[in-house]
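Listed next: structures, encoded as structure tokens.
In what follows, subunit A forms one complex with subunit B and a second complex with subunit C.
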Partner chain A sequence: MAINSDVLVIGGGLAGLTSALKAAREGADVRLVSYKQSSLRHASGLVDLLGYTPDGEGPVTDPYAAMSDLHDAHPYQTVGVETVREAMSMFDEVTDYRGDHTDTNALVPTHGGTVKPTARYPTGAAAGLASDDRDVLLVGLESLVDFDAPHVAAHLEAAGVPFDVRGETIRFPGDLQADAKITRYAKLLDNNGEVAVRGRKKGARDALAERVNTIHDKEERVGFPAILGDAHTDAVRAALEEKIGADVFEVPMGPPSLPGLRLEDALFEALDESGASFETGNPVVDFDADGDTIETVYIEKNGARIPNSADQYILATGGLVGKGIESDRERVEEPIFDCHIAHGEDRYEWFSGDVFGDHSFASFGVETDETLRPLTGDDAVEFENLRAAGSVLGGYDFAAEKSGSGVSIATGYVAGENAAAEAR
Partner chain B sequence: MAQTPHIAVIGGGSTGIGIARDLAMRGLDVTLVEQGNLTHGTTGRMHGLLHSGGRYAVSDQASATECIEENRVLRDIASHCVEMTGGLFVKKPEDSEEYFQKKLEGCKECGIPAEVISGEEARAMEPHLAKDVDKAISVPDGAIDPFRLVVANAASAEEHGARIETHSKVTDLVIEDDEVVGLEVEHASGEGKRIHGEEGGTEEIRADYVVNATGAWAGRIGDMAGVDIAVRPSKGVMTIMNIRQVDTVINRCRPKGDADIVVPHETTAILGTTDEEVEDPEDYPEEGWEVDMMIDTLKELVPMLDEARTIRSFWGVRPLYEPPDVGSDDPTDITRDYFLLDHDERDDLQGMTSIVGGKFTTYRMMGEETSDHVCAKFGIDAECRTADEPLPGSEDFSVLRDYMDEFGLRSPIGRRSVERLGSRADDVLKTSDPNPTVCGCEGVTRAEVQDAISQSGSDLNAVRIRTRASMGNCQGGFCCSRLASELHGEYDETIARDAWDELLQERWKGQRHALWGEQLSQAALNYALHATTQNRDNDPADGEPVDFAAFDSGVSASEASGTADVAADGGTRNGD
Partner chain C sequence: MSDAQSPTDFDPVEPNTGHDFEPVDVFPDSNDFDLRPGADSCFKCSVCDTNCPVAEVDDDFPGPKFQGPEQWRLKQTDDDYEIDDSVMSCSNCMRCDNACPSGVPLSQMHNTARGEYVENQMSKTDLEYWRNRILSNYRLSASIASKVPRLATWGMNFGPARWLMEKTMGVTKERDFPDFAPQTFREWWAERGGADASRRNAQQRREQLGLDRDADKKVAYFHGCYSNYNTVDVAKAMVHVYEHYGYEVVAPEQKCSGTPMFANGMLDDARRHAEVNVSSMSDLVDQGYDAIASCTSCSMALRQEYPELFDIDGIEKVSSNTFEAVEYLRIHEDVKEDVQESNVTGELAEEFAYHAPCHARNQGLERQSVELFRDLEGAGIEDVGESCSGISGTYGWKEEKYEKSMDIGEEMFDHMEHAEGEVGMTECPTCAMQMEHGTGYEIRHPLELLEAAIVK
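Our next item is the complex of A and B:
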């Protein structure tokens, strides 16, 4: 006997979580299954809508205005600009992200020392905006190779930021190993765990603030790499702000990204509250269809194939990074339903010779009809009860455009809404 | 003539650097110039095989004999560059038994220790070998790191007073009265170490004698002197796998052919190769079918290669040479032996000798013979010591002790650092500062990176070849920015940014031949990290100025917009 639901969402990233949440809010009985760690772990945790046009114009100040000029096959055009706004409202409702007071993009410093346009940013990054003109002290940690504060500060200065910025490197208090993981720092700060400083025991937050105070020179804001707590990040930041006497912010970093993981937690929490069920850690390996209707998918669990049936299915398995799209020497494919993916015949057509050139692979993905149902090579609907959302979609280069999170949220929202409507 | 002759060596590959070290150790003044980084030419583009000689034991016994001699020497003087993996010549049912016996005989004739083992024994050593391998000949092949070897030779040459100039291209030879008396050199960024943005310049380097050790480029130098050096450059592809499918060098035991060797190299395995003559050593086609052939042919020996992940492919150009009267049509028939061309005897041009042909494994022997030749010109009777004196890093291997405690490094990283550094480990790794890992794929720590920077200026590709940083699975996805940060401090931000861009492009170049499956997924992740998370593709420091005031400055700032004057004056703001 198969596990049954109205809507089955495959994939636990931003698009999958958003679609499950929307479908559940529409009253559908929703089940979400995911396999590997979601790519939110790799993501900065910033929620970009559109930072640059496909022609490379930018940074864009008003992403909504720029969206209406996109080419017809772009996912934003498929769902429509107004729907993007609706989707973002739902996102704002379930997270404590900032940026919803305006349509205008903010500029946020990156750990690479540049600034980038983004529409929403975690509360913890709010004081760090590069489009704010207050002076900044950046604090790096000796052993943390992904954030070299003096280098980032010099690079930001070269980028022309409208404030003075200084970078200093300190040693994190206590006797952490040189290769301590990001989560080790975060846990110590979360718990205000004891560290030994010159033989005396202190709370990690106090000890860190004391070190910063020796180099702090009245800058109004102080930035750290994104390690300021995990579960209790607001409390960590508040404690540091009080002891340092300045606004404190985090600069988003690469994997493992705490801001990305915190966002994942917040969305899973919202999904849980919505009444949807979810199961993580097991792959969908096969399916049965009757004509163009998917009847059952099979999830592999401890060597057994567990059937899961639903009226409607949502494919939110990610792109090349998340392995929702795979390839070999001859072919690019969507591995679960074998949905059509357009690609050049010769694999040497899949990329540009320039590292930041116009890479065809960046836009690999399924094409859909207006309700986000994947299409065959002949523009027929692959399956009448399958919709796609997020990076598994083609027609846009999220990395160049800085549009990944926005497309995932908007298409997830629409896929969830449509699936719930059909399931009724 | 001056008391100490000054010798100019052109070419910073294994041959040139071997000659420079040898001559410097014999007390001559030496200046070596190289147009790119050390190993820029063929040396940096080889499969990392330390030949036992087995490959040539039937077809080219002179080369085979030299190989086994030098194999023994290098294990001794360059122990920190060599991993004695052992090698197998494996025979499949369709391969000739007669050739197998010839190979065995040939090895014995050349003094190469060789032993026949059964298919089962071979698979016990290498479980991923094909089930139908009948038997194999075991030989002392090994893996050698060409970068480390050349860098160690350069360090030794410098210790003995040599001047080494990289990124210095010879634009002309200075010829007076039918004698080469010097070089016109163009430095890309000043003399000494390469620093981005530092102004270059030209220099005339006068020399009492010039050695042309430019391998596949020898003809170009010859042209400057009006002498004909008919090097026959032959390209070969090498495909790098992300793991070691084998820990022993696997050769196919058959006469000659493409795609017949797998060399375990550091964390990878390298598949090779092809042999095809090209016109120009810098401009030849690199094509996907060559990569496909490596995988599709070598999977006959190691079936798991079919589905395995490759991280990049590269092509190298052999500097083959044969005397003009031989006239081989097929490059595989050209001898792997080397030739000293004394242009005085050959072309009535005094003051220069070219060394052509030969192989990486015999680089030291080529250096010795060339140095003997040069010394004879000056009547100098100095003994060659390069076969006896270990290279820096290989002097005293007792340092391979409890590195884990000693350097406060976790075991695998410590082990690998010490293997790379050899006896220099103490000097490099003993630091009172924290020593975090900068390149996780290859286990390269900050101390090692800083040591490399101190040797190679702001050139991150030179840091790469010294340390292997950015050469692993992720191909720099995670560590390019970290390496740029390691430069910053010693060098300013614009220099670090230029070096960073250059490294990103270089890492991208070789991955183009591996972009499918896992590596395409990795490339997409790297692209996301560099473009999305770091926004390096639209770096405002490189482009048009950004109008910061046109962007959102936060909710507190917009609430406070009525009191903007206060804030601009540095007045207090309460934030949230």
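Our next item is the complex of A and C:
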């Protein structure tokens, strides 16, 4: 016996969640299993499609227009530009994101002071766009060293943004410890929890706004590191806007990231509403197949092997960072099904000597047919009921292209659609 | 060659693929709980910190990344390093384990550090030590109280006594002690005829189901302390449900799983109990039994904490053959279909506000009850969110931790109030205490609903 479903998705990142959601919306009984909690909490929460061409040209203005010039093995070419649009509209439907009014990339300031071309951004980042010419005050917090406001402001100015930007550092009211977690700030702001300011108790939102008002000099926009609440972020932002008298935005941060966590929550909520099942915490380690049909995969829990069976399987385990692809000195492999990964025999061919050079490892991953079924070295289908989506795919360098989210959403969408169609 | 030496002909600039080069295994896999590989796997992404319910309400608590890999490293470089006393503010919810992308054994590191702190740095004449020891040895208090259950229930909630307990021992007077059952599960079990009766019931049921009368369906029930002394209906439901599917149940000799002892750093006490549990369970596993727990913290202890902390003969056999009660049925029976086809009437025809215990999460069980019962006719179930309940066993019973415990629980209380139902549901006995304490709702266990749905 086993835990059964029509479609089993392995992986809880953007690709896995999108494929599970699409398959469930197509009427399949879907189960998603993820080794650990979603990798989205490591992500900035920005959703990019294509920021730069593979040759490093950019920032790209219209990612859809640039997609058709990509090489044939690129996942966007496999699924087709129109499908990317369809997939993005499903994403827009289940999230509260901005940027869907245009095909053009938005330019969003980052916590390093760079400007990132991205197709979608959280509502909380909307007032911060670099294409907006209103002046900006960036507010840093002494106890939060990951966001150095004066440094970010100087960087943005050097990048030539069309507005005046000033960075100031304040103490978060209540004098939190220097290593207070982002969730601590978020919780205090979510609940407007009491903090002590010069011996008097105040709500955290009010106290923060009062401190900002002492340094605020009529800038129409005020930016904060992304700590403005978790469950009630819209209310936190609205309260600050009212008390400061300016538009308030968040600058996306590195891991761990609240915008990433909020996106994770939104997608799991959508998945729950679609009727799918999911669990996290333990890895898929093995499988049984009958010829080229996968019959069962096994989740390992402290030595116990829990069998999970489905008609169709989706591999969305991530790339080299997410451990969906692993390597040692001899070879590069996909650890669950051992799907073929093309790579040079000599590991010194896997990278370039130049740090920011053209590393071939960056595009390592499974190659697929047009329905996203992984292929063997001889271009035969590995398993007739297995599809791959997201960073486990080869043929693109998401870090250089800024295409990671879009490829995950588009290929997840197609894998989910095809799996659901086959399962019927 | 020592790992401190470099191979002489190795030029990092030139590829050396033509040469023989045997990489040295610097940190070999080890069975003696070497935590170094875990510490080295941490790349400081800090994602574990976002899962910590204590750090969310208390910025004085430095969080799991510090308690685990960072503190471990500090210990290696300084012989006089003392474990930071903040380790006692970790509630051992173990949520950090599920966040780590590198598989760092955070809770193992915390348990180890806490054990060391209690062993070497906590005064054994200190009241806190004895308070913690008494709280974590709940089984002992409960076994005495269960001799006079009514008197004990009354006495433990007698105002002046509770005032005194708070003043002298630091046990909060805010909480109500749970009721002791008039008859323990084991007394009921013995009266019912023990394992022999269960075998007869199972055989009879197999015949009804058209199965082989002597089919190899047998489980060893780890009921734990709470369903023995307090929520006896949960244990009875487990027996009824399993017999319904044709399983014969045995209730072997057992002690506390050790969960409260781990959380209080009382590793010697935990080991003594674990030795009894492992010994009786491993014998049964050898005979073809699987170990089943109805409390998710008990199953967590047997599955994960035992092999991570103790080296006892048979311990891995036990951990790899231990399952949570409903999980086991999901694997081996068509329980989902059976629930979909059944309905509930009577006392349990309710809307339930369900809370997933932290210890259920790492076992991948946080959605199990919601997904199983969402199609059940006559009853409804609603997940009240991701928040920890905040009580974490003995943690919320400590006078100095009570406020923190309630701060953590606030989000759950709030979601419970907003949920449609006014009856709570969870697998964990102490989460149930906290849910009841914060909302006044009655709290039930999924096995009770499963019993009402399918055992007619």
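Keep this in mind: the second predicted complex is superposed on the first by the 423 of 424 C-alpha atoms of A that agree within 3 Å, B and C clash if a C-alpha of one lies under 4 Å from a C-alpha of the other, contacts with A are read in each partner's own complex, and residues count from 1 in each chain.
Just so we're on the same page, contacts are C-beta pairs under 8 Å (C-beta built on N, C-alpha and C of every residue); 3 or more make two chains touch, one makes a residue touch a chain.
Since we're looking at a predicted model, the values are computed, not measured.
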Is A:A423 contacted by the first partner subunit B, the second partner subunit C, both or neither? neither
Just subunit B (first), just subunit C (second), both, or neither: which does A:G281 touch? second
For A:A410, is the partner it touches subunit B (first), subunit C (second), both, or none of the two (neither)? neither
Determine, under the contact definition given at the top, whether A:G303 touches first (subunit B), second (subunit C), both, or neither. second
Quick one: classify A:I3 as touching subunit B (first), subunit C (second), both or neither. second
Report for A:P256: first if it touches subunit B alone, second if subunit C alone, otherwise both or neither. second
Please work out whether A:A15 is in contact with subunit B alone, subunit C alone, both, or neither, and reply first, second, both or neither. neither
Looking at subunit A, does subunit C or subunit B touch more of its residues? B
State whether A:D346 touches subunit B only (first), subunit C only (second), both chains, or neither. both
Looking at the overlay, what does A:D179 touch: subunit B (first), subunit C (second), both, or neither? both
Once the complexes are superposed, what residues of subunit A are shared between the subunit B interface and the subunit C interface? 42, 177, 179, 255, 323, 329, 346-348
Parts of subunit B lying in touch with subunit A, wherever the complex brings them together: 288, 292, 408-410, 413, 433-438, 446, 478, 481-482, 484-486, 488-489, 492-494, 496-497, 504-505, 507-509, 512, 515-517, 520-521, 523-525, 527-541, 545-546, 548-558, 567-568, 573, 575-576
The answer for subunit A against subunit C in the complex is residues 1-3, 33, 36-37, 39, 41-42, 176-177, 179-184, 187, 191, 231, 255-256, 261, 272, 277-282, 299, 301-304, 306-307, 322-323, 329, 346-348
Considering only the defined contacts, which subunit A positions touch subunit B in the complex? 42-44, 48, 51-52, 56, 58-59, 61, 98-99, 101-102, 104-107, 110-117, 126-127, 129-134, 142-146, 148, 150-151, 154-155, 157-162, 171, 177-179, 220, 247, 252-255, 257, 319-321, 323, 326-329, 346-348, 350-351, 353-356, 359, 361-362, 398-400, 402, 404
As the complex stands, subunit C meets subunit A at residues 15, 17, 23, 45-47, 49-52, 55-60, 62-63, 66, 97-101, 303-304, 307, 316, 319-323, 327, 330-333, 361-368, 371, 383, 410-411
